[in-house]
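Next come two complexes built around subunit A: one with subunit B, the other with subunit C.
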Partner chain A sequence: MGIIHLSTIGLLIDIFAAAILVTAVLIVSSRSLVFYIRLFALQSFFLGAVALLVVLGYGETHILIAAFLTIAVKAIAIPMVLTRVIERIQVRKEIEFSINITASLLLCAGMVILSDSVAQSILSSQHGDAPAVSRVLSVSIAMMLIGLFIMMTRKKALTQIIGLLTMENGVFLSGLSITYGMPLIVEVGIFFDIMIAVLILGVFVFRINKTFETISIDSLRSLRH
Partner chain B sequence: MSMILFSLLLGTPIAGSILCALFHKRRVLEIITVTSSGLTFLSAFWLMAKVMQETTLHSPQGWWYADGLSAYIIIIVSGSAFVVALYSIGYLRRQIYKRKVDAPKLWLYYLLLNIFLFTMMLVLLSNNLGFLWIGSEATTLATAFLVAFYERESSIEAAWKYVVICSVGITLALFGIILTYFSALHVVPASGNALHWSSLMLVAKELDPAVLKLAFIFILIGFGTKAGLAPMHTWKPDAYGEAPAPISALMAAGLVNVALYSLMRFYILVDKAVGGGFASTLFIIFGLMSMGVAVPFILLQRDFKRLLAYSSVEHVGIIVFALGIGTPLAYFGALLHLLNNAIAKILLFLTAGNVRMAYGSRIMHKVTGAIKVIPASATLLILGVFAITGWPPFGIFVSEFTIISAGFTSGNIVPAILFVGFITTIFVGFIYYTSRMVLGEPHRPVKGSDADSASLLLLGLLLGALLMLGVFIPSQLQQCIQNAVNVLKG
Partner chain C sequence: MNDTFEMILASAFQLFLVLASAPLISGIIKKTKARFQRRRGASVVQPYFDLAKLLRKEVVVSPVASWLFRITPYLVFASTLVIALLVPTVVTPVPLHWIGDIITVIYLFALGRFFVALVGLDTGSAFGGLGSSREMSIASIIEPAMMLAIFTAAVTAGSTNLSIIVARLSSTPVAMLNPAHLLAFSGLFIVTIAETGRVPVDNPATHLELTMIHEAMILEYSGRYLALIEWASQMKLMVFLALLSNMFFPVGIATTWSPWALLVGSAAFFCKIIVLAVIVAVVESTNAKLRLFRVPEFLMVAFILSFLALILFFIIGA
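Our next item is the complex of A and B:
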């Protein structure tokens, strides 16, 4: 690539991947729902940047559309929808934890180390020099784990959506890092599904709020056995 | 030629959805939905005939694909959709009469039913594993509002749980698919095809086994969640319990088989690539776990529809277990069981709907003496329960017996003994509860009436089919299953 040297691209990808991981960890330590959504938007924006760098560095032009979709859908549209949801239902913005912040962050550190070893074992199967972008595989696996962790330990309905979307971002990043993304038409279909899923969950948040006067999933306990 | 068939199977439910979106009259919606599901069902038979001649069908660029396995499951799924569409007519009319459903709700129901059928066909006809994933997530989204249909607190809770748990599962499966793609990128010549199942099968031996093993674990968790394998089954009793009876029936008879189909596709691929009993051991473990987990919940159950949901967890376990045994006889048993279970689940969920509507409750101890109140549905219920718990002369007896003997002859003695233990215990629980519901005197006078005679006739036909499958298996069906077994053998 004439414009920017490949090693510069590699460095930039590393920086953005680190920033993505930082947003995921900050989400875990955040108490405010508004902050959750902003951090997620920032995370998606960085993700879009990584995708653009893959286009620049490796000439995978089919990722271009996926990169723009990431920024348009995940960094702009979904955060806007979720912000409107919070405004409309005027929820108490404090998030309750079932595990406190210090313990959560320690667990996250553990997950990052675990992800790195899983990523190494996946990449070890490749012969020859792996491209720089494959280094971010460990970040992507860490995001899936952190997303799952958010869903299991944070009690608001909206935090569950953010947790799910963080997992989803992790999966997208893993696709970028080891396969330069899926075929375009598949990526587009996946974005479509995510959009619909967020809209449906958004509608349910309204309904849960209407029937329970709260959107804590703690009140969703009537179904047992 | 094959394109016409693919277009028919995918296009009919799309056309049905568009037409439903345009019209609002009850009568028109009923006709559209019955026609679209009926035409899909007919096309499925055409597909089967075609597959019998040509073994596999491809669209020109390989995005769509069908073989003996997909044709067989498409017949079961589209047939279930057709039966459910027919039953929905009477069911929703009664709901409207009782003012539980209004016109916009009715419209939404038929619209989503058509979309639901389309998303299932999308999974079953996709050759591209990315499309298969998109279709699977879309089945969850299409059914979300159907589960929340009655808008009670509990149904919104169930729908929330359903969408969140299934989406998490399917997100993990997507990572598994990406890993599969990764293992194939350097092997499949044209990398655009590296996500096509049929291309992957051609080079299965060259795929990296270590990566594929990890991929299979994620895929098993992901599609296992969709199928309701333990321990990822927790959404199932809530969703099946809260959804309208015909929707629960279609989820238990259609959607479950769609998820099992996805698992089978990956199972065939990974078994061929990795070998060494890796995938089959996991299947045996998860299959037995699902059966075992269902036991206590069936023995201590208050709610009839949740009882059936746990029965669905059990039977998914039975099928996955049989696939794990992995001999041709076991495959035959698994595929026959797929059909038997689908028919029995439709019969039981729809009959449960009748009972519920008559008594206004699905709590079992509030329902007694059904044989005096709604004799037809009560008879169907008790016979259906005998069928689902594996009594002769019903079909499930034959398929379970086939699976057990395949288990013993393949040397899996301990798993096979556990299998027998689980189904026997579950039988006791089932018979205990249903006999109390059906026999005896009603606690209080019940005003409710039974379903209309057309609906009851439909249920009678399902029972007749189960009876026939227990006595003899027509040679055409045998041939269909044999073709599907050949696909499973890889």
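Our next item is the complex of A and C:
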């Protein structure tokens, strides 16, 4: 603390939070699986940066490990695994939607407004001066909603994973913004959970593709035949 | 009396600056693109020769064309000139800043576009109508995107007057790094690409019937009419680049009319404009033109970016 001024930290947190929100929205606007993965990697990287800034600005050293884990696991390892899966299954890399991109983007804008009003009502019950990082609460709620939206409307098994991970990033960010992160043991648990989940889901996608020759979740209904 | 004279002089300077340097900016973009294609490319002053040649050439007008066809080039040129008077370039405030704010600028652009679209229909050629319909469907998305992006800057400064926005922002440099501001900038950058008919949306260099939008509408023009329209679209590009650079990064802009401030202002302005022009050229060279049905999605991204900018302004605050 003290090396960098708190208002500078606040400004940087704002910029990275905005970047995180933009990557989440750009994921919704994109058509290619490769872009999904790259944007997710970028998003996790920005999230790690926000966590590092919380360490720098508020002296919460236990988040340091979580920040490095975010960058190592979510920004590097998971994208690598998913890229591997895409290369191996050689599916059509174009995403199918149940709601088209233009309408999805408008819905996302609505979700951002909704999450802002929710966040405001949560923050208004707080006592005293809110620190800069609590302003990103609405971004984190918006990310949970957008992640859920991706899972609902994008029809590839891999996009389900990306949606889930986006939601998880939102949860981590909300933890950061309200309580400067969860206890370390919880964070580490979540990271292992996510890592294993992605590995298993990757294998699942591989098997789904082998059985149905597509990873579109529509054909999962024909499982009983 | 003296005041009026000074005002006229200052406005003339502003007009001359935009009029004279607009073809140069377009030349720089063409040169950069040529370099990307490993060609030597025409000289950066080639657009001046093109305009001079077109101004000397005879005008051919279709016998079915109405009076609209003849007045539109002057109208488009004049409306762009008025915009050039309103947008701060080297100095802020511009001498005539009280005649209209940013909403006037948006509607002056719309006025020019309206008449060009009508002319596309006027001569009855199939391509003209095609171009007009495409231009209008694209405009219906980029106009709100542009408004939202500009309103973000306007709420930051607390005024819709361009000169005041620029002046307020140049006195508070931290506001330039506001995330809402950065998002609005990227939104307006996409709008610039679409409005000036640049590559992912339209291709200014071809007359390919499947893809052209702006060129399709002005296909029937020749001679000095074409020169006026081309010059107006070069000025439009310049004005957009000026908006991008001065409304979001008004670094070094002159606030007085002293010679030294003017010199620094001009240097800063042209550096920023040239950097932006090169960025536009890089975007043009590294992207393929989008399929027409994908264009609304791309423009929707601009709309959402501007929209998020405005929301973020209220979430995160100034």
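What we mean here is this: the second predicted complex is superposed on the first by the 222 of 225 C-alpha atoms of A that agree within 3 Å, B and C clash if a C-alpha of one lies under 4 Å from a C-alpha of the other, contacts with A are read in each partner's own complex, and residues count from 1 in each chain.
Definition applied: contacts are C-beta pairs under 8 Å (C-beta built on N, C-alpha and C of every residue); 3 or more make two chains touch, one makes a residue touch a chain.
Keep in mind it's a predicted model, so treat the numbers as computed, not measured.
Undergrad: Should subunit B and subunit C be called a clash or a fit once both complexes are overlaid on subunit A?
TA: fit
Undergrad: Quick one: name whichever of subunit B and subunit C touches more residues of subunit A.
TA: B
Undergrad: Applying the touch criterion given at the start, work out whether A:Met151 contacts subunit B, subunit C, both or neither, answering first, second, both or neither.
TA: first
Undergrad: Touch test for A:Glu168: subunit B only (first), subunit C only (second), both, or neither?
TA: First partner only, subunit B.
Undergrad: Just subunit B (first), just subunit C (second), both, or neither: which does A:Val34 touch?
TA: neither
Undergrad: Let me test your reading of the model: by the given contact rule, A:Leu6 touches which partner, first (subunit B), second (subunit C), both or neither?
TA: In the superposition, A:Leu6 touches no partner, neither subunit B nor subunit C.
Undergrad: Could you tell me if A:Leu201 is touching subunit B, subunit C, both of them or neither one (first, second, both, neither)?
TA: A:Leu201: touches subunit B, not subunit C.
Undergrad: For A:Ile178, is the partner it touches subunit B (first), subunit C (second), both, or none of the two (neither)?
TA: A:Ile178 sits against subunit B, while subunit C stays out of touch.
Undergrad: Output check: A:Gly189 vs subunit B and subunit C. Expected answer is one of first, second, both, neither. What do you get?
TA: In the superposed model, A:Gly189 contacts subunit B only, not subunit C.
Undergrad: I want to verify one number. Taking the Cα centroids, what angle sits at subunit A between subunit B and subunit C, in steps of 10 degrees?
TA: The angle comes out at 150 degrees.
Undergrad: In whole Å, what is the nearest CA distance you get between subunit B and subunit C after the fit?
TA: 20
Undergrad: Following superposition on chain A, which residues of subunit A contact subunit B and also contact subunit C?
TA: Common interface on subunit A, subunit B vs subunit C: nothing in common.
Undergrad: Which residues of subunit A touch subunit B in the complex?
TA: So the residues of subunit A in touch with subunit B come to 118, 121-122, 125, 144, 148, 151, 157, 160, 164, 167-168, 170-171, 174-175, 178-179, 182-183, 185-186, 189-190, 192-193, 196-197, 200-201, 204, 207-208, 211-212, 217, 220, 222-223, 225.
Undergrad: Which residues of subunit C touch subunit A in the complex?
TA: 174, 177-180, 182-183, 296-297, 300-301, 303-305, 307-308, 311-312, 314-317
Undergrad: If we count contacts the way the header does, which residues on subunit B are in touch with subunit A in the complex?
TA: 128, 130-131, 133-134, 137-138, 140-141, 144-145, 148, 151, 153-154, 156-161, 163-164, 167-168, 171-172, 174-175, 178-179, 181-183, 185, 192, 195, 208, 210-211, 214, 237-238, 241, 297, 300-303, 306
Undergrad: Residue numbers of subunit A touching subunit C in their complex, please.
TA: Residues 11, 14-15, 17-19, 21-22, 25-26, 29, 101-102, 105-106, 108-109, 112-113, 116, 119, 135-136, 138-139.
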